[in-house]
Structures are given as structure tokens and as C-alpha cells.
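Please find the structures below.
Consider the two complexes below, in which subunit A is the common component and subunit B and subunit C are the respective partners.
Moving on, here comes the complex of A and B:
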């Protein structure tokens, strides 16, 4: 049985991880088919239907402008998933590049890159994201960049640590002594063997990215109205907590479920990729 | 050990310089002018130029940074562009509020998370384990600002047990002080409970599977003695490092929690200062946050070395 098949078997035996995948797939369907799934226009207001509680017409009720919260949550999934995917892609590619260069070449380059990660680590993550957003200006695209930058050092550290372990393995030394070029060794031998830890981190980083996007939008620094971000819906709904609790309840639940699902997947990946589990 | 601490303290200097330089450059890249922010959009270019000169903003950025750095070494954090008060005074007023919120959140969450983490490891695969493990996942998945809103909705607006916002000083009575602190500390500490509980559990499970624990059991020691005397001590060592990281998370998280609960700490101060382009205040708050974070990590590392004989011995040998 190939390594991938073994991994897939171990992962699919973890029911919670499978549940996590199912939730994320559902979210993906919502994001891709939002215009067909949402019963109402998420931006169009209808003052006659303002602050209506959940009914059969409006499953999750309406906001102060009479907009359907269910439709806004469906469209909001596009923003959350986009931020998660793009931010994590930025963090993974930049962080892995830094980690590979630092871990494989060592010396001055390693010291320099690790000091840069030390500096980025010393910032409280949310404060750094807020500062970057202040520079770039509030928008969904800028949130992706800000969150991506914040998460670079973690990927750099994880990749470097994995590279350090792999670099001294016999098969790498054999490739070096055969005269294989550094790029060839890195891409053919080192990266595939250092990927496990990065893969686990990707799902956790996506959870973090979605939380930070929601937090920044909640503070008014992320996605701007009238675009339906879950975080900004929470922020506006907060002012109507007593009259319309559904306005804060459902967007919060959407964020929670998404992050929860990503953590379930992360746990499942970690268990399936853990060498100790493999030995068992 | 002393040499190790001194060496680590020296290594903090370039990190803190890097943090200050990064923040400084980020602020200079931020669109908007502090002078316009002070005078308002109606101000004439002459007035704006006068204020820029008075604040030293007409000088090249590296000169401005040099002046700021020189002042920092003399203990001068500058003057707020908006309130015209010394930044040190603003920080002195606001920092205790953030500190007490962070300490309260970390204290209660640690006291709760570690025993639960141990319990779930000992009672692995029981109903209690599944329930608490799910709770741990809930803790790390819950957006803290949403949890804060729910706490306000239930415990302040519906039940009226706790105030929805603000901070009460000691002098106004200890009961009132704690009533104001409970909800923000709960909201800020929830993530830490989940993260620490999960980490303690997995760390404890790893230790329980070790040969020396099997030997202790084979010797006929009671289960309590095996767990408390042998397993716990070793399982808690890696947990200490996680605690160090949680301090950074709690400090960052306090920016949002302070905003939700109108808690007058430095997180809220930083958020307002960023929006108002109040450079000296932002610089000071970021630097203080970074300093607290790196120092707490240093303390955690020292503690880790101290409680772990293997590391201590290798340090002494080196």
C-alpha cells in the first residue's frame, strides 16, 4: 500500500476529521454557488422587513436595513474562504522559502532570516495585522496580505526545523556527493520530506486567517460595508444585541463552525501524519 | 545559568530595535498626516507645514528615528500628538488595566486548563475525556469577540449579573472591581483554556507511555503517586513554554477585548492612536507589548531550563 493510501485510510478513520472536511466542503459549495443558493440579494435593503426575527421567509432574520442575514452569511463565506486561502498561500510560500534558505544554506543567511522572524514574532499578531492594515487601508484584499505577512514567521520556523532534520540524512548527503545541484536536492529530496509539518500548519493557519479577518472587519479595518463579511456583520449587529440577537448569533456561529472544522482537519492530519501513529 | 541569562538579554536588543524600526517605518508608510489629523481637513497648507515642523515630521525618516531612539534611551517616550500629554503618563495610566486583564485571564485559564488536561489524559477515552476534549476544541475555535458579545448579552443584558463595560478601581470596592473584571477576563482566557488543556493532555499522554512510568507502576506505586510524582512533573515542563506563547496571544487579543468591553487599557489606546496617526503613542505601545512578550518568553525559557535537569546539565557543561 502506498504512503498516500495509508495516510488516506488513517485520516478517513478519524470521524471528527471527516466531519471537519464535510463542513469545509459545504462552505465551499456555499461560496461557489452563492448567487444560486442565497434566496435574496445580500446587499439590497428592504426597510419594510427591517429587524425581522428568523422566519420561513428569512431563515436567520434580517438586519437594520432589512437585508436577509442567511443570504449575507452565504455570500460572506466567499470572503472568509478567499482570505483564508490567499493569506495562507502568501504565508506558506514566503515562509517556506525563508525556511528552506535558512535551513539548507545555514550560516549568515540563516542568522539573518531567523532574526527577521524573531522580530515579527515579537509583535502581538493582531496588533501587527492592525498596523499593516493601517498602512494598506481597509479592504478584503489588504486583509489577505496583512494576515499572510503575520503568519510568515511560523511557516519559516517550521520549514527550517524540518529542513535541519532532513538535511543531514544519508540520502541527502549521497545526492550531494553525486554532484546533484542544490535546487535539485531541495525540490526532489528536502521539500517532500519536510512537508508533513507544513501541511498540518496550513489548516491551523487558515483557521487563524479567518478569525483575524473577522476580527479586523469587526474593528472596521477589514472588509468594508456593504460587502457581507461575517466580522463586520457582528460589529453592526452588536448595536442591536437586545432587539435583534439573531444578527450577532448567526455570523458568529458561521465563524465558529468554520474555525472548528479547520481545527478538526488539523488534528486529523496531525494524527494521520504522525510517525508514531504510522509505526502503530 | 547567569551567563545564559545575560547572553539572552543581549540578544533581545536587536529584536527590540527591529520591532521599533519596523513599527516606525510602517507608521511613516501609513497614508494620512498627523498634522492634518490634529488640525482637521479645513487646515491651510501653511498651518499643516507649521505643525509638521513643530513635531519634527519635516526631517528625513532616519533622523526622526534617530531622535526617537535617543529619547527612548533617556526614558522619554515622547508626547502624544492628540492629547498633548507625555506618552509615558498615558502608558502609566493605561498599562495596569491591560496587565490586570491579561494576568486575570491567564491565571484563571491556567488554573482550569492544567487540571482538566491531566484529568482527560488519565481518563483517556472516557465520557469525561470526550466532553472536555470537545470543550478544548470549542475554546480554540470560538472567536473571542463573539464570545465577549454573547457574555454581555447573557450575563449583562439578560441576567444583569455583571456590568457590560468599563473598569472599576480598587478604591471603589473589591466586589465592584471583580464584577467588572470577570467577563473581559473570561472572554480573553477562553482560547488559552482550550490551547493549554489540549497541550497538557497530549504532553501527559506522551509521558504516561514512557518506560519509567511503567517501571513506577511495576514497582507497585499507587496510581496517585505515579501520576502526581512522576508523570505530572515531566508533563508540565513543555507546558511552560506554551504558557510563554499564550502571554503574547493574550496581549494581542486584549486589543479587541478592550474595545468590546470599553476597557481602558493600552490595547484600546493603540487602536485609537493608529486611527489618529498618533505616532509616539503607537510606537510606545508596540514596544511595550514586544518587551513584555520577549521578557516573558525569556523568563519561561529560564524556568524551562531550570526545571528540566537534562537541559540544565547540558547548559552547565557548555
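Moving on, here comes the complex of A and C:
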């Protein structure tokens, strides 16, 4: 049985993880086909239809400017996924590079890079993201950069730890004694064997990125109105929590389901990739 | 006999009712008023504070020579009992109230007025309102109970500006920012930053018998929902800035009293006239036609607002009726003006707003939507409040902005500091020698007729040149527990508690 087949078998046995994948696929469909799926223009106001409860015309009701919340959530999935993907690519690429350099070469470079991650770790994650946003200025793109930077040390640490384990394996020593250059060893022998932990972390990092985007938009630092971010919908809707609970309920559910799904996937990946898990 | 009996009974009932009425209206002593502030105050120092909340606190601790009446159209005696103005309008002589003491026991004299004035005018001191007194040439104290102001030129609004001369005792050793001492009805007790400010009843207050409350406690509560719940459950008995959507609900609650006035609180859409395309008056006028003021009043204020054309309220004596209804919602007209200005395909620009003023963000969204219809692409940028002030007010780094402005009594208050060259509050950087001259002449003109004519011209200019276009006048709304009596709301956001008492 090849490695991938084994992985797939292990993963698909975990029904919750499959549910997570299904939710994320649904979200992807929403994001890709938003203009066709959304019944209304997400930023078009309609004063006559303000604060309407959920009906057949407006599945999730309308907000105070009469905008359709269902349409806004569908379009909001684009922002959430975009932020999740871009932020995580920034964090994984930069974090892995740091982790590989630190873990493989060790010595002074290791100490230097790890002290930098210590500094970044010293700040609470959301606070650091807020500080970066304050410097960069509010916009969705800057949220991606901020979340990316916040997650760099996490990926750096995880990568370094796996590299340290792999580096001392016999096959690496063998390659070294055969005179294979460092780059070759890193790319052919080390990275493929150190990826498991990073892959698990990616799904968790995406969940974090989506949550932070919501939090920053809630604070007015993220996605700017009238663009429909789930977080900013929560922020504006909370003043109407008693009169129009649907305005906060549905974006809240969207955030919850997405983050939940990503965590399920993360758990599933961890179990499937962990050789210690016994395959029954 | 029977007839007499009935008359007597009626008489007794009348007496009881009358007595009940008298007793009900007789203020009772005691109790603590717990007040929600909309945010944390900047400083307790009345000469430095620039925030509405700061003013709401210190106006109960310190007093001025004169104070505006509730309608904000005339000045009444406070620490001065009366005054005379010379024929030429250059000399103001004030007779000071006698027998007044400060909270620290020091008697109030003319030396305190001069000390307070010099503190504000000290060039090294960051006073908020020094520009109110630039026309004062000299201040003299012929004796303990008299103060004379000599002006360089007649200034019709001088009395109203004197409200800014808050009187503190002539004592350098008092740290005003830590322990404000005044002559007001309440004495400063403590300020725990972020938690509360406590004022205590001043027993030796000059206005006999007042105040009625034992103490006033202010708590900064920016979160609307928290504030409302605390008012309903008794944790607070006075709040300001009631959210518009909750007014109807609170008015139905018999345990609460709601206070509403349509005053001088107003929203505008302002343009950086140094930056294209807003250097073109036609473009700025076009923006005036992009604002659906009725829809904004309805959707954002639940009807608690009125369309506005200019800063000064329509009920003011200096309001120019000729400008009423100039700018209406008319995107076609806006498009026409843009074409005439050379932007037939529209343009892109930013609107800077702050989450401190969430309603203004909604206005920006509606304006941006109207703009899209005619090719104008507005990007909304929310900035944290201090960043907003830095970028918009200090650096002039913006295309357009929307923010709330409050305050003003004399017409000078509505125009000079907002539109004269070089003034800090001239956010839009619109400045011409003609407008400067009109603003200066209007200050110097002595008769109300003459001033009115000049302010009419100023309003004409501002409507045509449109460095900013107005959106709505907002109602100010406060609420208290229904047993809180005697509060009088002004058109500004004043919270003076000298006459307030609790029926308990």
C-alpha cells in the first residue's frame, strides 16, 4: 500500500474530518460562484427593506441599510478564504525557510533565528496583529500580511523541531558522507520527511487567520465597509443584537462552522499522519 | 349644611392636591447621581480639555463670569453679577459676585479672574480656547470685586466667548490636572482612570441651598448595550448619547425619562480642497447632490435627525433662509456638475471615518453607493480616532472625511474657527482673503443687523464654494431614571447637575 493510499484510508475513517472537508468544500463553492449563488448585490442598500427578519425573500434577513445578509455571507466567504490562504502561504513559506535554516545549520544562525521567533512569541498573537495593522493601515490585504507575520514563528519552530529529528537519521548521514550538497539533502531528504507536522498546522493556521480577520474587521482595522466581511458584519450588527439577532447570528455561525471544520480537518490530518496511531 | 359640607370637601381636596403639588415639586436633598460618560475624559483641566466628555464633567466643578441660558441665545450672570459695556464696545466692566469661596476655602476675587486669564493666554501653555480672546488688549482689576476687559476692536461675541474663561483659584501650588478646584456646585474628589470620577456636594456653594445631590459619579461606558442595561437595572441613573434605535423603547418605559433636543450637533461631508479633484468647487458641489439626507435621517437616525445645509441651525437668528434646501438628493445634477468640471467618467477617492463615530461610517456607505451610480468610486477607510485626528486635522492627509461636530452659540462659533485661514479646525484648508475678511468684519461689527448681513454673505460663500456640505442636524438624546428631576437639556451636550435632585 503506497503512503498516500494509507493516508487516505486513515483519514477517511475519521468521519468528523470528512465532515470538515465537506464544509470547507461547500465554502469553496460559495466563494468561487458567489455572483451566481447570491440572490442580491451584497453592497446594495435598500432602505425600504431594512432590518427584515429571515423570510423567503431574504433567507438570513437584512441589515440596517436593507442589505441581504445571505448574499453578504456568501461574498464574505471570499474574503475569509482569501485571507486564510494568503496569510498561511506567507507564514508557511517564511516560517519553513527560517525553520530549515535554523534546524539544519544550527549554531549561530539557529540562535539568531530562534531569538527572533522568541521576540515575536512574546506578543499575544492578536495584539501583535493589531500593532502590525496600526503600522500598515486598515485593509484586507494588510490583514493577510499581519496574520502571516504573526504565524511565521509558529511554522519556524515546528519546522525546526522536525528538521532536528530528521537531520540525525542514518539516511541523512549517508547522503552527507556520499558528498550530496546541503541543498540536495534539504530538498530531497529532509523536507519531505519533516512536512507532516507542518501540514497539520496549516489547517489550524487557516482557522486562526479567519478568526483574526474577523476580529480585526470587528475592530474596524480589517476589511473596510461596505465590503462584506463576517467580522465587520458582527461588529455593526452587535448594536442590534436584541432587535435583529439574525444580523449577528448568521455571520457568527459562518465563522464558527469554518473554524470548526478546519480544526476537524487538522485533527484528522494529525491522526492520519501520526505513525503512532494504530490503524485498526 | 350639605352644600357647605360639599364645598368644604371640595376645598379640602383642592388643598391636599395643591399641597401634594407643592411637595412634589419641592426638591429633595441627598442621593448620588451615577452618570455614564460616552468615553474616557482627556483631562479634567478646563483650560486644556478638548472633549465633550471632559466638558460634561468639569462644568459642574468650575464656573465662569457668565453662562449661557438653556436656549443658548443669551448670556446670564454666574460669577459676575452684572456688567456694563462702553458705548464704543471696547470696554467691558464686570462686577463680581461677593461671598463666593472656592472648594479649598479661598475667597473668590478679581485676582483669580486675572490668574485664570493669564494661564490660558500664556503662549507656553497648550490652552484649547486661547483664540477666543485674541481681541483682548488688556485685563485690569481696579479692586477686588471688579474686572475690566479692554478690547482691541469691538467684538459682538465677546460675552459668549467668556464662558471659556473658567475660573480657578490664584494659587500656583494647585495641580489643576490632578485636583481641579473651582467655585462650582460640586467639588472634585477622585478620578480613577478608566473606572470612575467622583464629585462631592460643595456645602458652601454660593447659590443658596444648591446643589441637592450628595455626589455625582461618572463612569466611562462606551458600549451602548452595557449603558442601557445598567440604566434599566439601576446601576446608572443618567446616560447621554442614547442610541437612536433605542429611543422609542426607552420612551415607553415608565421608569425612565428621555430628554431630546435638536440642537447644534451636526454631520458634514468635508473635502480636502488642496487635492484634485476636490480643488474644483463644481466637484464639491456635485457631492452635495449625492447625499440622500432624508434616507440618512430615516435609516441611520430612526427619524431623529433633520436635513442640514450649513453649520448654523435654521432656528438661529443668523441663519440665511436663502440657502435652505440648496442641496437635495439629485444624482443626475451631480453627474452634470462633474461633467462640467471635467470629470465626465467620475474619479476615485477615499472617505476617512472613525469607528468612534459608527453612524458616520454608515453615511459613508450610503454616499459611496450613490457615488457608484455616477462613476465616483469611494473607498472607505476607518481610522482609530487619534490616527484620524492626526491624518485629517493635523496633516491634511485625506481626500474626504465625515465626522460629527458639536457646539456653537454665537454665529462666530459656527464659522470663524472652522473657515478662517490658519485655524486648526479648518480641516478642509479652504482659505481666501475674501472669506477671511468677511469673518473678521463679522467679528468686529457691533450691531446685530450688520453682523446678520455679513453672516448671510458668509453662508452664501460656503454654500457655493462648498469646502464641506452638510448632511443632517442630529437630535441629542439623554435619559435618566424617572425619579431624577430638575435636569434641563440645552442644545449642546451639556450635563450640569446644579438643579438636579432625586425623588426618593
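What to note about this one:
Here is the rule we go by: the second predicted complex is superposed on the first by the 277 of 280 C-alpha atoms of A that agree within 3 Å, B and C clash if a C-alpha of one lies under 4 Å from a C-alpha of the other, contacts with A are read in each partner's own complex, and residues count from 1 in each chain.
Everything that follows uses one rule, which is that a contact is a pair of C-beta atoms (placed from the backbone, for glycine too) under 8 Å apart; a residue touches a chain by one contact, two chains touch by 3 or more.
Just so it is clear, the structure is predicted and the values come from calculations on it, not from any experiment.
When the shared chain is aligned, subunit B and subunit C each come close enough to touch A:241.
In the superposition on chain A, A:35 contacts neither subunit B nor subunit C. In the superposed model, A:64 makes contact with subunit C only, not with subunit B. Of the two partner chains, neither subunit B nor subunit C is touched by A:184.
Once the two complexes are overlaid on the shared chain, A:207 sits against subunit B while remaining clear of subunit C. Judged by the touch definition given at the top, the superposed model places A:226 against subunit C, while subunit B stays out of reach.
In the superposed pair of complexes, A:134 makes contact with subunit B and with subunit C alike. When the two complexes are overlaid, the chain among subunit B and subunit C that reaches more residues of subunit A is B. Of the two partner chains, subunit B is the only one touched by A:126; subunit C is not. Legend: residue contacts after superposition of the two complexes on their common chain; A:192 is shown touching neither subunit B nor subunit C. With the contact threshold set out at the top, residues 134, 137, 219, 238, 241-242 of subunit A are in contact with subunit B in one structure and with subunit C in the other.
For subunit A in complex with subunit B, the residues that touch the partner chain are 115-116, 118-127, 130-132, 134-135, 137, 207, 211, 214-215, 218-219, 234, 238, 241-242, 245, 248, 252, 255-256, 259-260, 263-264, 267. Across the complex, subunit B meets subunit A through its residues 14-16, 18-19, 22-23, 26-27, 29-31, 137-138, 140-143, 145-146, 149-150, 152-153, 157, 248-249, 251-253, 255-256, 259-260, 267, 270-271, 274-275, 282, 285-286, 289-290, 293-294. For subunit C in complex with subunit A, the touching residues are 224-225, 243, 245, 295, 298-300, 354-355, 358, 361-362, 364-366, 368-369, 379-384, 387. The touching residues of subunit A, when paired with subunit C in their complex, are 43-45, 47, 50, 64-66, 134, 137-138, 219-221, 224-226, 236, 238-243.
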